[in-house]
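What follows is chain A paired twice: with chain B in the first complex and chain C in the second.
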Partner chain A sequence: MHIMEGFLPPFWAALWFALALPVIAYGVVRIRRLVGEDRELLPLLAVSGAFIFVLSSLKLPSVTGSSSHPTGTGAGAVLFGPAVTSVLATIVLVYQALFLAHGGFTTLGANVFSMGIAGPAAGYAIYRICMRARVGCCTAVFATAAVADIATYLTTSTQLALAFPATTGGVTASFLTFAGIFALTQVPLAIVEGLVIALVFRYMIAIRGDVLERLHVLRREVPAP
Partner chain B sequence: MDHHLLEGCAHQNALRDVSPQLKLGLGLGLMLLALAAPAPGALVLIFLAGVGLTVGAARIPSGFYLRILAVPAGFVLVSSALLVILTQGGTVLASFDLASVRIAVTQGGLELGITQILRTGAGMAALLFVAMTTPMISLFATAARLGVPIVIVDLAMLIYRFIFVLLDEAATVLDAQTSRLAYGRPRGAVRAFSMLAGAVFLRAWQSADELVLAMDARCYDGRLELETDRPPLRARHVLGAAAVFVPLLVAVLVWPAGGLP
Partner chain C sequence: MNRTLGVVIGVVLVLGLATLAMLLADRAATGTDDRAAEKIGDLTGGAYEPWAQAPGVPGGEQNAPLLFGVQAGAGLTVLLGCLWYWREHRSEA
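So, the complex of A and B:
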């Protein structure tokens, strides 16, 4: 879920840019190092970025209404970590604005912060917790994708609430209203995306486990099914 | 599958021989004006300028344009309706009870809601102007010149390429699945969709491997060549852009914030 072009007032648009830029810069440094070590990673990163784009442009058949779609950034966080995912998400968000009229340029900072930084970071944290607790791979991936989705939509609601606080009740009332309305589509969507991404991982482990091994996902002693 | 990507019409619009930097600059300028404009009237003018540039000057079919403009409408209408309810100020125009919660529509709330709709409309019209007239491929050189690191420009170019590879793959798999009634029931749909996503990722991974091989065979040294800036900046195009931008800038500066009629 993205904030459309023109919706955020100038101050907030600029603030979210300022908050997102350091993370993107760190992600660029990491990508440069990763690609320097193993330049075969560049095409792989590109495929993952394109995958995030395509996944988010395909509407889930079982979810009706609204511009809801999976974000795919949870999977990116598992594969590459949150900083690199934020760079991929930034490129994907620019393409979504230019190819699908989804999102915008002045709201890019806010959208990168919610979909590219807050979502993957929350998802990655859950993933690490699951790994430490030795939860099965599919459950961990399900939790990662679902949490990344929910964190993204809660961040978007916060961004809208901060920019447009309610006259009575202020930011809190505004946040509860936005989060409450968007929950109607976003919570079922998060669960479906979690299921989908978990099944995708199971499918990929079954067919080409070596792919994930090269990405060091399986190296953390995840029991392959 | 790719018919709804705006990229398609960006390759065949009437403004394709105008410098991409100029089109990007004008589009971003209009977006900033839309953010800064205090008056609803100025927002309407920016919206009309964006539509005029895209449908009139670039000759994008109006039916297609309207369909794309409807994409953000859902988000904008829902969010603006919430703003109307959340913001109170001035005279109460209407009020009703919804599940024991009193909901009032006031002058101030209505003004904010309508201004938000107009502002987003103006911003989207400017965004669509860039999206529908400027092919992405001509923006990579601009991005590099603006200081985007080369590794990121390379990554963006490869992502661009793989988007079309993946969309083709996904369309093929989706056709095959649909013809076998894979999306009949919700449970089956989730399963089928994950198989589609998994298969598409693996096949794209494979073609990425092949791409590395092909690039190696052509002496890839970690840098992709950028297309040079074409078409060049022309004086009459700059004058045309200024003729659109300057009057709008003046309108934004002199038109005071005011209530809606």
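So, the complex of A and C:
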């Protein structure tokens, strides 16, 4: 989903920076507050960042003949919400822009917005809905990770469509073109990503469910009166 | 599982994933990012020229798979390290 260096016109590049920066700033404040209140959250924060680091490094071939990579932002979305996840995604995107020529600094705002904010926000919304519907935690985590992944690529499609509307059909036609490239390739990868994150969550619940309860990731079972 | 065996398994996992990331980066089919860039060319009739260039991969493009491997290995090391820490400290909770 990385929009390459210089591939967004300056107006759009600046707009996505302007939209992403306040969320990143709020995420930094949230991280400071959370870690200040509970040092035991540090390993969880590191796990969330590590997921993004690992999964976004894997260029996996997909059924369409193209390759793409998972985003890994689902774990951060479940544990800390989109604002904190945006900070973690920014770190990974800067690494990739700096050392891998993957993405870029002029497109960093757009890439953070899609991978660090819009994707995790969509995933987080799904997670809250699942929790209200009393869906099992691992199923909810699977849905969150898969939706965060797909939503990231749909957001990238929107960003490119807005910047490069088709001569015939405008933004909608352009969106369908880009979504056809990204989303179809991404569906199998999103399912794999959901399964991997759900499995690791299962293990995390087994070893330290108490910390996940404190974050309201798990429901605290109230004893019957 | 004793500590030594756990460390050995962890190292094998990290090296295995880093190698996999390198192989995938080296042999991957055309990426969706590249296909999107081609599509921008189609939509603009080839008129759009990127106005900035990426700084490039340190030491040359041939190092990109290695750096993808470093990214995967570093991430998995942190992931396994944190899960190990939690597992070791669960009795204190």
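Brief remarks on what is shown
FYI, the second predicted complex is superposed on the first by the 186 of 225 C-alpha atoms of A that agree within 3 Å, B and C clash if a C-alpha of one lies under 4 Å from a C-alpha of the other, contacts with A are read in each partner's own complex, and residues count from 1 in each chain.
Note that in this section a residue touches a chain if its C-beta (ideal position, glycine included) is under 8 Å from a C-beta of that chain, and two chains touch if they have at least 3 such contacts.
The structure displayed is predicted, hence computed values, not measured ones.
Of the two partner chains placed by the overlay, only chain B lies in contact with A:87; chain C stays clear of it. When the two structures are aligned on the shared chain, A:210 is found in touch with chain C, with no touch to chain B. Contacts of A:185 after superposition: chain C is touched, whereas chain B is not reached. By the document's definition of touching, both partners, chain B and chain C, reach A:99.
Once the two complexes are laid over each other on the shared chain, residue contacts for A:31 go to chain B alone; chain C is not touched.
The contact surfaces that chain B and chain C form on chain A in the two complexes overlap at residues 1-7, 9-10, 43-44, 46-47, 49-51, 53-54, 57-58, 60-61, 66-67, 95, 97-102, 104-106, 160, 164-167, 174, 177-178, 181, 200, 203-204, 207-208, 211. Of all the residues in chain A, the ones that touch chain B in their complex are 1-7, 9-10, 13, 28, 31-32, 35, 39-40, 42-47, 49-51, 53-55, 57-58, 60-62, 66-67, 87-88, 91-92, 94-95, 97-102, 104-106, 160, 164-168, 173-174, 177-178, 181, 192, 195-200, 203-204, 207-208, 211. For chain C in complex with chain A, the residues that touch the partner chain are 17, 20-21, 24-25, 28-33, 35-37, 39-40, 43-44, 48, 50-58, 61, 64, 67-69, 71-72, 74-76, 78-79, 81-83, 85-87, 90, 93. Contacts from chain A toward chain C in the complex involve residues 1-7, 9-10, 43-44, 46-47, 49-54, 56-61, 65-68, 95-102, 104-106, 153, 156, 160, 164-167, 174, 177-178, 181-182, 185-186, 200, 203-204, 207-208, 210-211.
The part of chain B that touches chain A in the complex is made up of residues 4-7, 28, 31-32, 34-36, 68-69, 71-72, 74-76, 78-79, 82-83, 85-89, 108-109, 112, 116, 119-124, 126-128, 130-131, 134, 136, 149, 151-152, 154-156, 158-163, 165-167, 170, 183, 186, 189-191, 193-195, 197-202, 204-205, 208-209, 211-212, 222.
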